[in-house]
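Going in written order, the chains are labelled A, B, C, D, E and F, and every chain counts its residues from 1.
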Amino acid sequence: MPLKKKFRLISAHARHEPQRPEVFAHSAGPDFEITEIKLESGAVSIESAFDEVLSSPGIVARAIEAEHEGMHAVIIDCMGDPGLYAAREAVNIPVLGPGEISMHVAAMLGHQFSVVTVMDRLRPILENHARVYGVFDKLASVRAVEMPVLDIDDHLDELTRRLIEESVQSVRHDKADVIVLGCTGFMGCADAIAAGLAAQGLHVPVIDPIPTAILIGGALVDAKLSHSPRCYPAVPRKPMIGFHAVPASKT
Amino acid sequence: MPLKKKFRLISAHARHEPQRPEVFAHSAGPDFEITEIKLESGAVSIESAFDEVLSSPGIVARAIEAEHEGMHAVIIDCMGDPGLYAAREAVNIPVLGPGEISMHVAAMLGHQFSVVTVMDRLRPILENHARVYGVFDKLASVRAVEMPVLDIDDHLDELTRRLIEESVQSVRHDKADVIVLGCTGFMGCADAIAAGLAAQGLHVPVIDPIPTAILIGGALVDAKLSHSPRCYPAVPRKPMIGFHAVPASKT
Amino acid sequence: MPLKKKFRLISAHARHEPQRPEVFAHSAGPDFEITEIKLESGAVSIESAFDEVLSSPGIVARAIEAEHEGMHAVIIDCMGDPGLYAAREAVNIPVLGPGEISMHVAAMLGHQFSVVTVMDRLRPILENHARVYGVFDKLASVRAVEMPVLDIDDHLDELTRRLIEESVQSVRHDKADVIVLGCTGFMGCADAIAAGLAAQGLHVPVIDPIPTAILIGGALVDAKLSHSPRCYPAVPRKPMIGFHAVPASKT
Amino acid sequence: MPLKKKFRLISAHARHEPQRPEVFAHSAGPDFEITEIKLESGAVSIESAFDEVLSSPGIVARAIEAEHEGMHAVIIDCMGDPGLYAAREAVNIPVLGPGEISMHVAAMLGHQFSVVTVMDRLRPILENHARVYGVFDKLASVRAVEMPVLDIDDHLDELTRRLIEESVQSVRHDKADVIVLGCTGFMGCADAIAAGLAAQGLHVPVIDPIPTAILIGGALVDAKLSHSPRCYPAVPRKPMIGFHAVPASKT
Amino acid sequence: MPLKKKFRLISAHARHEPQRPEVFAHSAGPDFEITEIKLESGAVSIESAFDEVLSSPGIVARAIEAEHEGMHAVIIDCMGDPGLYAAREAVNIPVLGPGEISMHVAAMLGHQFSVVTVMDRLRPILENHARVYGVFDKLASVRAVEMPVLDIDDHLDELTRRLIEESVQSVRHDKADVIVLGCTGFMGCADAIAAGLAAQGLHVPVIDPIPTAILIGGALVDAKLSHSPRCYPAVPRKPMIGFHAVPASKT
Amino acid sequence: MPLKKKFRLISAHARHEPQRPEVFAHSAGPDFEITEIKLESGAVSIESAFDEVLSSPGIVARAIEAEHEGMHAVIIDCMGDPGLYAAREAVNIPVLGPGEISMHVAAMLGHQFSVVTVMDRLRPILENHARVYGVFDKLASVRAVEMPVLDIDDHLDELTRRLIEESVQSVRHDKADVIVLGCTGFMGCADAIAAGLAAQGLHVPVIDPIPTAILIGGALVDAKLSHSPRCYPAVPRKPMIGFHAVPASKT
């Protein structure tokens, strides 16, 4: 019987309690053993380059810690994939960005995809990511519901309504064939959005980034594939000031 | 206990016997039940647009048959992904192209990747695929060992030597961070190539397309994701001449 | 006196009778001797990747036959250019795709062009062709009249009205400077569309793909130019199953 | 019997005598009546942006004159296509640039093409043209024989030798499938270059820009197609100082 | 005390009197000594490729003259940058195009920028410039107020109103983060447009091309940087007819 | 008399002493009053994504501090521009990245440019920056001298030798027209490299990023231009954990 795949979810949001362990377990299935960890510093939600910069050092530290603890892979719980490349330089196990994975999966499922996110201010950031990830040609649009992350939990109905509205616009106006949920805080909304689209005669896959990242990450682990040490080489040993807690584990 | 994922591998090569069922089973793991089927007509190997055109109708017919038989997904066993989009129009289950999947996985693992294939004549075809799949910006190069598919089985040592040689050139000269094996007939060579690269100090992931396609395909099935009906809409009912055996199953 | 240029038009549609010989003769002029041939199998109209896959083997076979019969060039009568690259591997004479030729001519006549086709489902296919043909930067949009090919003959007035409407939108909204008719079944409509556009003050060239392909093809024949054997190399001799009728003629 | 197509070749080089009327007549065939005209001012050869700027006003003036005199089309005799867009604003008849036409024809004949020109200093200019013409993705390379235009006539053997050498490099090193002669002064060399390439086992089409432009231009005239008035609108009437001899004829 | 930077502004418009010396002096500050010169021939306003071709030889001649007279840099006073590359081949001092500089500055200030110009007929020209300058990916749109250059002075209020309107559309509809004034005749309007945008809650930088070109040009002069002689090599000495007054000064 | 422009240079390297104040003062000229500040935490040199992530929070904090202290602009002293976009969200004054500015200036000075940096591991990072900054089409290559930042001071002769060698290769092999020094630690080497290139007959501008960024930044300040609040909107007020010292100053 195969061992369970041990995945560490690093919440980019500096909140006080792990959020949704049972949800992750459900969506990932019995092959995975998923733990979640929060950051000790940073913004309580990530919706700007500023927030990403503050959370990135902690994310890298948590990735190193996860590798030390025997995890098979780590997932950065934020569509902005903060610290993704830096963490890859620091560890050998796969570091999975839900933004990167969702966009590539979307590119495989349709001619073009749209990302529907929280705030329009993330549009430039996500468009730049699509360029760097190499899938910009498949990006139909980035749209936003204009609801801050911290408001999501208290306005789920309004959120769902707006997500359906922007998804419909993405398909009708921007010619998207696939919708990518543009915030990991939208987890669990995919079915409702797909139903809302279908109610208007629009049948398109809706990608929920965290479950997708877990499952694709599992496939990579099974295939014994991780990021290339050629472009994510180990961090050289040299003096560091104020970050004694971040020793790179990569060899 | 979860049911096994039933995958149908459609060999694009019109050979007389299924080839490597035990190999597929091994690389895919116990979660999969994999069956393989050959075409009844077409070229015995696929290494040109001509060969692809001849094999594509049969591939589409086999995909429809597989859906009828309750398969969870089909994989086209050829890096040229012949008939990929047509089959997606004909069935609802995921139709997986090892070329498309390998290129997207490679794009996620490194800054740039190279494809090392059988014949240089496939270079334009694979470059065009990279454009259509949306990952051309990540493609460092397409290189070839200049060995026809039908010669592979009898010259495995020579093949491995040349694959290592072209892979080294891809990394050193073309700046590839990841190697994609550019023919599904190379299955099983990835470890030897990675070792050959490592012996020259070059540590890069080497992607074996069929096992990778099976595992990523499994993740898509678990995530309940398939290609978008918006860009792969069902084939309309209309008179067809000479293809009575190809009734589209999609609804 | 120069010999007539003998061109073979291969109808991608598997219909029972040649369609419009006298029309082709008229639009091509006295320098051409044009024959038309239908396929023996395939869909009766081409409006999907599925249809293209079914018609492609027959198109390649007809191209080989045409070269054997001394034709100077063959034209694939379908804007999707099914089998174009495969046929070029099989014969030495120019194989002309009205899609490819129309897009390049349109790119030379204006800053941007739009293609107005039958069904929106062809948009991804035509956009991908524009990428592969290298003229995507000049493509303003692909629009559709949403009328299946088989309905065209019975609804010519409605067709013309919709073609004008979408052409006007292409020019006004998408900033197209040139209109390409996106279905060879639209042959003969170009003047009416140009007139309809002019009636709204929009003066743009409208390209009728088949006459344009014949005339540009004639220029290539006169210039003694054909596709490059480097990227369309001859098909190697090897066993083929079920396609004895398709012996490649290329040397 | 169809009337002859009257084409005016505008030599961008300010030389004293028309150059090669009988050559043009031969390569174009009996359907054309070709006249050639020189500029009254400008550089004696065009091999820089500076030269192009000096010749462009005269080229536009000659294009207007040609239209007044009943020509069916004008061809700018220079691969840099100086004054191409300005002339199109000034006249209704097709204004043909051998650079633009050759690149598009090359793009249709192969996966990639190279341009082999006189001086490396033209490389940025020709690469920029490929971008503006929309075919940059098909451009394998621009190479140069480093021989000034004025030296060509006295060093034809050396020229041919170098053209073959750079063409071989284009095919072998840059992966070109088609060669475009990058100077209209190379007219007549195409067969020798193709033979030189074939002697090394490289079979690729070699495009001679002026004959190709004449024949493709003839096809456009027969198809009743010219550049779009949307992006090349007529020049508005307004005061002009020092160019009384250049009244735009376009309506 | 540092010497003043002597800049020569070459008006592309063939008008009779220098226009706005005191304005230039004010916007540039005390570090600059700016002189302005008009052309002796050409169109009185530049709003087409035709106009640009007529003004370019004079612009090059004035650039050479300016270098002879000891200027530190020349600026071509037209957003179309006519003669830019030719002038760079002719002189060693920086030749500054307000179009090129404004687009690059805009690209540095925001994710995307729009250019708002006089006439829509300049859109293809400016889009092509964005491609050649290498910043097309940052161009959100080119919009026009549809007011000919010669009408500007008499309709300043109407002009400002329309500029604000198109700028608002650029930000709201085209997602521009920065506005570039697309005609040097709009000089002085930037503050009013920024205020008009702010009145609608849209806070974006508005770039006034001539002052920006002067100041960036001053920075280049202070940094001792000028265009590269590799891609703008000196014009070779050879016979020229009718341009005795244009001896290249570059060595 | 105009006030001096007060610029704050934020050293991305967590070193103990400010480095080169007199050098900055000299290269910037008397119009500037430049102060330098080090980070309190981070790596002592920046040559990886990992290093950048660790230094970015401190850079943002220093940018906010600089704005509070009345600076006119801040410059991030590192070619990787760490924290650039985050800092722009946090302050209103221009935040200047020497990487971004050098690439845009290089794009204006030549057809293509190369960046010559410390380590090849920075190549993917700098290529990605070129994509995001919108100038990838102008990037000929990124080359490296393979000398860690900390070794520079002790091996200046060797460094200069290697910089010249790679610059020569950039010009000869990669067709660069301009060289950008790819590490701010190379400051002061530009003249030696230009001389080394000239000794081999290669005359190209060599851009020294920090002096160039200071001078271009001065021009932006004089033009009253800063980054757009549309794509770099102010950071919303919300709980932050562990970063009390980083209050955004932007309004």
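Keep in mind that, in the parts below, contacts are C-beta pairs under 8 Å (C-beta built on N, C-alpha and C of every residue); 3 or more make two chains touch, one makes a residue touch a chain.
Owing to the predicted nature of the structure, the values given are computational and were not obtained by experimental measurement.
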Next item on the list: Quickly list, by label, the chains bordering both subunit E and subunit F.
Entry: A, D
Next item on the list: Averaging each chain's C-alpha atoms to get its centre, pick out the one most distant from subunit A.
Entry: D
Check: Are the two sides of the subunit A and subunit F contact the same residues or different ones, given that same means over half of the numbers occur on both copies?
Finding: same
Notebook entry, point to check: In whole angstrom, how far does the Cα centroid of subunit C sit from the Cα centroid of subunit F?
Noted result: 52
Check: How many angstrom between the C-alpha centroids of subunit C and subunit A?
Finding: 44
Next item on the list: Could you please state the distance in Å, as a whole number, between where the Cα atoms of subunit D are centred and where those of subunit E are centred?
Entry: 30
Check: Residue numbers in subunit A touching 2 or more other chains?
Finding: 111-112, 124, 128, 131, 137, 177, 231-232
Next item on the list: Could you please write down every pair of chains that are in touch?
Entry: A-B, A-C, A-E, A-F, B-C, B-D, B-F, C-D, C-E, D-E, D-F, E-F
Notebook entry, point to check: Along subunit F, where are the residues that touch subunit B in the complex?
Noted result: 123-124, 127-128, 131
Note to self: Touching residues of subunit D toward subunit E in the complex: what are they?
What the structure shows: 14, 39-45, 47-54, 56-57, 60, 83, 85-86, 88-90, 121, 124-125, 128, 131-132, 148, 150, 231-233, 235-236, 238-243, 246, 248
Margin query: Help me check something: in the complex, which residues belonging to subunit E touch subunit A?
Written below: 111-112, 137, 175, 177
Margin query: Which residues of subunit C touch subunit D once you look at their complex with the stated criterion?
Written below: 2, 29-31, 100-101, 104-105, 107-112, 133-138, 171, 176-178, 202-205, 207-208, 211-212, 215-216, 218-220, 222-223, 225-232
